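You will see two complexes here that share chain A, one where it goes with chain B and one where it goes with chain C.
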Partner chain A sequence: MKSSIYNICIQTDGCNSIIFNALKGTSILVDSEMKTAIESNSLEMICPEDLFTLVDSGFLVEDDLDERNVYAFEHNQNKYSTDISSFLVLPTLSCNLSCPYCYEDSLNISRSRSMDRNIAENVTNFIKNQVMENHSRSVVLGLYGGEPLLESDLCIQIAESISKWTMSRGLNYFSALTTNGTMLSQETFDKLRPFISSVHFTLDGPEEEHNKMRFYKGGRGTYSDLMKAISLAGESNIHLTVRIHIGDRTGQGDFAKVLGDLEAIGLRGRPRTYLYFMPIEPKDECFNTSSKKSLRRKLKNIELLPCIWNMARELGWGESLHVDAGQEHSLLPFSRLPCGFLKNGCYVIDPSARLYSCPSVAGIERYSVGSISQDGTAIWLPSYYDAITASPTDATACKDCSHLPLCNGGCPVRPSSAQEPDGCHLKEFYNKKILTHLAHKYPTLIWGT
Partner chain B sequence: MKSSMYNLFVPIDESEYVLYNFLNDSALIVDEDMKLCIEKGELNSSISNQSVKETLLNCGVIVHDDINERKLYLYRYNIEKYAPSYSLFIVLTTFACNLSCPYCYEGSGEILNSSMDEQTLLKVIDFIKKTTHEDGTREIAIKLYGGEPLLCLDSCYAISKELSKWGDENNIKVNIVLQTNGTLLNENAVRLLTPYLAAVEVTLDGPPESHNKSRCYKNGDGSYEDILRNISLLAGSKTSILLRLNVENSDGLGLLLDNLDKNGLKSWPNLSFYTAHISYYDLCEFFTNDELCLKDINTVLEIRPSLLRVIYEKGWQSKYHMYNMRKQKLVSCNNEKRGRYVVDPLGDIYKCVFTAGDKAHRVGVIKDGGVEWNSAYYDILTRNPLDMEGCADCVYLPNCGGGCASRAFLNKESFNASYCGPIKRIMSKRILLYLKEIYPEKFSRLVI
Partner chain C sequence: MKGSLFNVFIALCDGKYAIFNTMTGALVFADEDLKGILGSKDVRIDELDSEMVNRLEKMGLIVENGVDERRLFKYNYLQNRYSNRDAHFSILLTYKCNLSCPYCYEGRTTKPEKSMDDEMVERVIKAIIGKVKETGSRNLSLALYGGEPLLCLNGGMKILRSLSSWCNSENVNFKSALISNGTLLTRATVNTISGHVDAVQLTLDGPRWYHDRLRVFCNGRGTYDRILESIPLLREAGISVILRVQVSMENIVLLAELFDDLKKKGFSEDKGIRLYAFPLMELNPACCSYSSLCIDEDSYEDILPTIWAEGLKKGFVMAFKPTPSFIQPYCSFASDSSYLIDAFGDVYKCVSLVGQQDHKVARIDSMGRFIDVSFELCEFMARDPLKLESCFNCVYLPTCSGGCAYRSLLSNRTYFGKDCALHRTLEYKKILFYIRSKYSDRLKVIE
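Entry: the complex of A and B
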């Protein structure tokens, strides 16, 4: 037996520490003696019962096991397996709003391009071809933009075609429309409803805050229209996701107000309703995870989340929160990929049928990694192969890092934080996440500072 | 533009070469000048004709400067390895056998002879269900294997019945194949199993006399007649009968086919066959030794045209599964991929059927709560040819994949090592024979 290389030890007070195993997602509270025994591999000091627990939870592993291979296996399996094929389609890059933080704006995308019907046809053919080639059991279709409902006919055309096709093949189908809500009329919704499974809305805090951020070109805020749209969708049995942004100045009371408004339109206790809270990130956040400034902001935001969750729970929204470790919007989602987009079987498609490995650059030709040909097949550029085969297990700084199974090396297409001259800041970020998660899950434990 | 890393020039006469590109699986005929030009990478200065250039580009012989072909290979390799279209479970219900074939690698069930007990059986069924869900595959193949699986008819029946039902309920296609020596395939077995079986695979070791010499009961009696009588129970049923015909040469095959014809097998609509030639008939050629392996592959290539001739002459071609000489091997062996499992009677898991029972090759153990993978599993699955000695610069890589992992382990004590075997010595011949087969006129004068 030996100690796992993925044990992360975080001191909680003078004598106790938490050891968190990043590969297994397990944690244990230990005293300083046990901590030393594990850290220094002095296992003879540990009694058989404890030894069993430690092995069972992955803190100790067999001598001949190279855990880096376990991680590499899980990483590759996640990256290359295609039991699910997912397609994020941007029928248009245009938007009827002008949110100050919208990255599409900051990246100078020409905002008028929409997909033409022939391209939409190619795209649907591509989706079908690719699903067959991938031998997938499930198909996920995302309609995204810009504001996709500016091209609602295209949305219907694509979703209808894929939905019927998957049905005829006995494949699972899930599709999500991400919209700002301002263009969702009853008529549009009724036409789309048979072919989509879920609608994603975003609220930028309570009415005043939201209206400051999300307004029509003339300046009028969108909050009340958005609420109408949510309510409209909520009357059906569709899956709903509401993302609530945490701004710099939003306080507890503000969230209570938002939840009150959502309750007024009947969302509290509604089945198939999913709520999550996200700090508003600067325009290019994904790109800048490595800066110290960004780290400080992130650390602050992490602390906020449990308070918000608790409040939401007290107000009766518990069933709509999915914040346990392992769930997508929890503090510890346990993915083996740094980013869900750079993955075999995942395709981001812009209105010109170009392919991207990341939605935040979709529409900017120089970042495209391939395109869909007339006959509905993908033509990848060399850069795609370089990007997708890159693995954090090859990066000098990351390959032996104890945090690798949590962090996965950071954004795969941007310079890694691990290359920062004064060392990688992300470890601190993840330590904070671990502690915050545990404090939320086990509130009765006594925590040091 | 630059030349591909995966070009091989095979001389066909004094002045011409077949230029085969392994990554693109394409072939061209080029002269000495063109060969030099491509080898030296003097593409812009020497190849002025635009349409020639385009052809070379389309064939992958020359590639754009910014492409890293190793990455392209690795991408395809990983997809093939990690995104299998189906899961395969080879279940050894027992190590025991009622025959004693002289070449049997399992020692005719005399070295290892345990059978699966009921508790293990349930765990194995559970393992198959869970693992299929984890693999996310829509289709699974189960091979009932041994020893002689029909010595444990009950286990075969339980697995077939339970997993067929489960497949129906879960919209998963389940193909069950019984690999048997055929001697125990009696009416009872047929009645119990055929509702679930996609196919039964049986081996004949050449015409009756030679078969009876090698595939005999423990008392020395031959099994040919019994096998033919037994499989006739399946004639015309929904279950396919797949015969593996082990043959030394075309004469032997001719005699065997005549005998099968005489016994009426030619008219069975559900019968098909393939041919094999291996010194150790029950082993994969890569698992013997390099010289034998080379000899066997050579023989297979050499006798192929004459086997084909006999098969056509005797009118069996519609039942023949021809070995595909052209198959690319991005990953060295099907067993190395994710979603391939060999389960032995003790509930131990292996990757390769020829190593089953040898604990040094074991990759996991089925326990009550699920399966426990060990380091060998992760070592094999994360095997990356680009990190192995010689492979990163090897022209054969897209058709070799770094060689058999089990052999690498035996030779170098590591799964993460290359094993060339006879690959480098056989590839040119294979390419030429293949070309001669599909372009007989063009290569009629070529002696290989």
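Entry: the complex of A and C
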């Protein structure tokens, strides 16, 4: 037996430590003696009973096991299998609002382009071709923007076509509309409803806060219109996801206010309702994770989450939160990929039918990895293969890192934080996540800092 | 523009060359000049007309400077290995066999006898359906083998019937094959399997007198006539036949005699009968690759081409242009959706390791689930030819992809090694053979 290379040891107070196994997602509280035994591979000091537990939970592994292969296998399996094909379509890059954070990034996206019907036709053909080529059983369609409902006819055109096509082929179909909510009239919703499964809204905090961030070109806030839209969608049985941003100044009471407003429109206890809290991040955040500033902000934000979750739970929103380890919106989602977008079978399509491997750069031609031609087939650039085959198991800094199964090497599109001269500080970020998660899950244990 | 990493140059007569690209399968003939241009690192495309540049690029013989062809290979290779499109299961129905071929017993002290019981048959059906559902595969192929699978015909038929009707209702394409020694294929048996089995693979060891010394019933009687009798029965039932000819140093000179006999029986005219030469191996005949050889490693690069040529003379095409492994995988079990299940319900990833407990990757429990999934599976799957230095730099990487993992295990005690055995030179010979058989009128190959 030997210690797992994916054991992460975090000191909690003077004498105790947490060991978290990043591959198995298991954690254990140990005293300093046990910690030394595991860290230094002095296993003769451990009694047989403990030994069994440690092996069973993956803290210790067989001598001849190279866990890197386990990781590599899971990583590749996640990345290359295409049982699901997913398409994020941006029918337009323009938006009827002028939220500051959308413009405050370094990417300078020109926001005036929209698709035309012909391109939309090519895009639907591409989707069908690609699903066939991938031999997928399930198709996920995302309508995204800009504000997709500025082109609601295109949204309907694409969603209707794909929905009917999947039905005729016996494929599973799931589609989500991400909207700022300001253009969702009853009429538009009724037209779209048969072809979409879910609507995704974002709130920037309580009314006052939200209106400072999300306003029409003239400056009028969007909160009340957004609430109307959520309420309207909420009356149907559609899936609803509400993302609530955590801003620098949002406090506990503010979230209670938002939840109160959502309760007033009947969302509390509504089935198929998903609520999650997210720190506001610039659109190009993934590109800057390696900066110290970003790290500081992230560390601070992580701390806030458990309190918010607890409050939401106390107010009766427990069923809408999905924050257990392994769940999508938790601190430890246990994916084997750095990003859900960099996956075989996942495509981001801009209004000019260019293809991207990432939504945050959609619309910026130099980041495009291919394009859709008239006949609905893709022409890939070499950069597509470079991006998709990039693997943290090849990166010198990451391939032996204990945090690899949690971090997965970070975004391969951005410059790697692992190559920073002072080493990778993402480890600190993940340690914080682990501790915060555990503190939330086992509140009776007392932690140091 | 630069010349592809995967161009193989073959000298023909009169200063002509054939250039074969192992990634795209494109084959072109070139003169010294063009060869020189393509062979250089920095292709002087200004020396070619734009039409030509276009064509060469389409065929993958030249690529843009920014293209990393290994990335392209990696993408295709991994996409194929992890594709959920085709699920394949080989099922060892029974370890029993009604023959006693000497090479099957070499080095074995006990003869395994286990057959799949009815309960296990049910479990296996459940397990396969579960896997296909889970991965959403569109095609399911099944190979029944043994021992001699026809000694467990009831179990086999139960599996075939259940799976084909399930596939039918779920819109999954279903194909199945039987790997048999052929001696139990009577008219009655063929009637039973007819409509359920698409192909049957039979094995011959040489011409009658030679075959009958090796492939014998327990009483020592030869099996050649019995096997050949079954072929027309199978063909009448619409089942295609794959004749696998086992080649060893000893029988090589005799194969012409076998081919003659097969031709006389009219088998060369029937498109439903395919012949292929397979170096005699110690273990299981279910492996479709050229693995587990027991003839001298250096000699098959001469032997196999001789046999292909002999076969061709009698009308049997036995070798083809090399194909990239992401189109036709070299190892049937390299794919994440392929497994072998034996009579005990143990699951393996390699046909040559079936029955070796320490190499099993999972087992099937009473609920028909794959449980006790072992790290062996990860190790087998994580094998990556691009991480092996010689494969990284090898022009045959796309067609070979590192060769047989089992053979690497034998020689390196790990899957993480290369197995060039049937690639480095044999691939070259295959291309030669292909050119010779297809373009013999136009070109003479320099030996």
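To be clear about the criterion, the second predicted complex is superposed on the first by the 444 of 449 C-alpha atoms of A that agree within 3 Å, B and C clash if a C-alpha of one lies under 4 Å from a C-alpha of the other, contacts with A are read in each partner's own complex, and residues count from 1 in each chain.
Operating definition for what follows: a contact is a pair of C-beta atoms (placed from the backbone, for glycine too) under 8 Å apart; a residue touches a chain by one contact, two chains touch by 3 or more.
Just so we're clear, the structure is a prediction, and the values are computed from it rather than from any experiment.
Asks: Please determine, from the superposition on chain A, whether chain B and chain C clash or fit.
Replies: Aligned through their shared chain, the two binders clash on chain A.
Asks: Considering only touches as defined above, state whether A:F52 meets chain B (first), chain C (second), both or neither.
Replies: neither
Asks: Once the shared chain is lined up, is A:H135 touching chain B (first), chain C (second), both, or neither of them?
Replies: The answer is both, since A:H135 touches chain B and chain C.
Asks: Which partner chains sit in contact with A:Y80 here, chain B, chain C, both or neither? Use first/second/both/neither.
Replies: The answer is both, since A:Y80 touches chain B and chain C.
Asks: Taking the superposition as given, does A:Y216 touch the first partner, chain B, the second, chain C, both, or neither?
Replies: Touch partners of A:Y216: none, neither chain B nor chain C.
Asks: Can A:N69 be said to touch chain B (first), chain C (second), both, or neither?
Replies: Touch status of A:N69: both partners.
Asks: Let me check the overlay on chain A: which residues of chain A are in contact with chain B and also with chain C?
Replies: On chain A, the residues that contact chain B in one structure and chain C in the other are 62, 65-66, 69-70, 72-73, 76-77, 79-83, 135, 137, 170, 344, 382, 385-386, 388-389.
Asks: Per the contact definition, I'd like the list of chain A residues that touch chain C in the complex.
Replies: Its residues touching chain C are 62, 65-66, 68-70, 72-74, 76-77, 79-83, 135-138, 170, 344, 382, 385-386, 388-389.
Asks: Residue numbers of chain C touching chain A in their complex, please.
Replies: 64, 66-68, 71-72, 74-75, 78-79, 81-85, 135-138, 171, 336, 375, 377-379, 381-382, 384
Asks: Going by the contact rule set out above, which residues of chain B touch chain A in the complex?
Replies: 64, 66-68, 71-72, 74-75, 78-79, 81-86, 135-139, 171, 338, 374-375, 378-379, 381-382
Asks: For a test of understanding, state which residues of chain A touch chain B in their complex under the given definition.
Replies: 62, 64-66, 69-70, 72-73, 76-77, 79-84, 134-135, 137, 170, 344-345, 382-383, 385-386, 388-389
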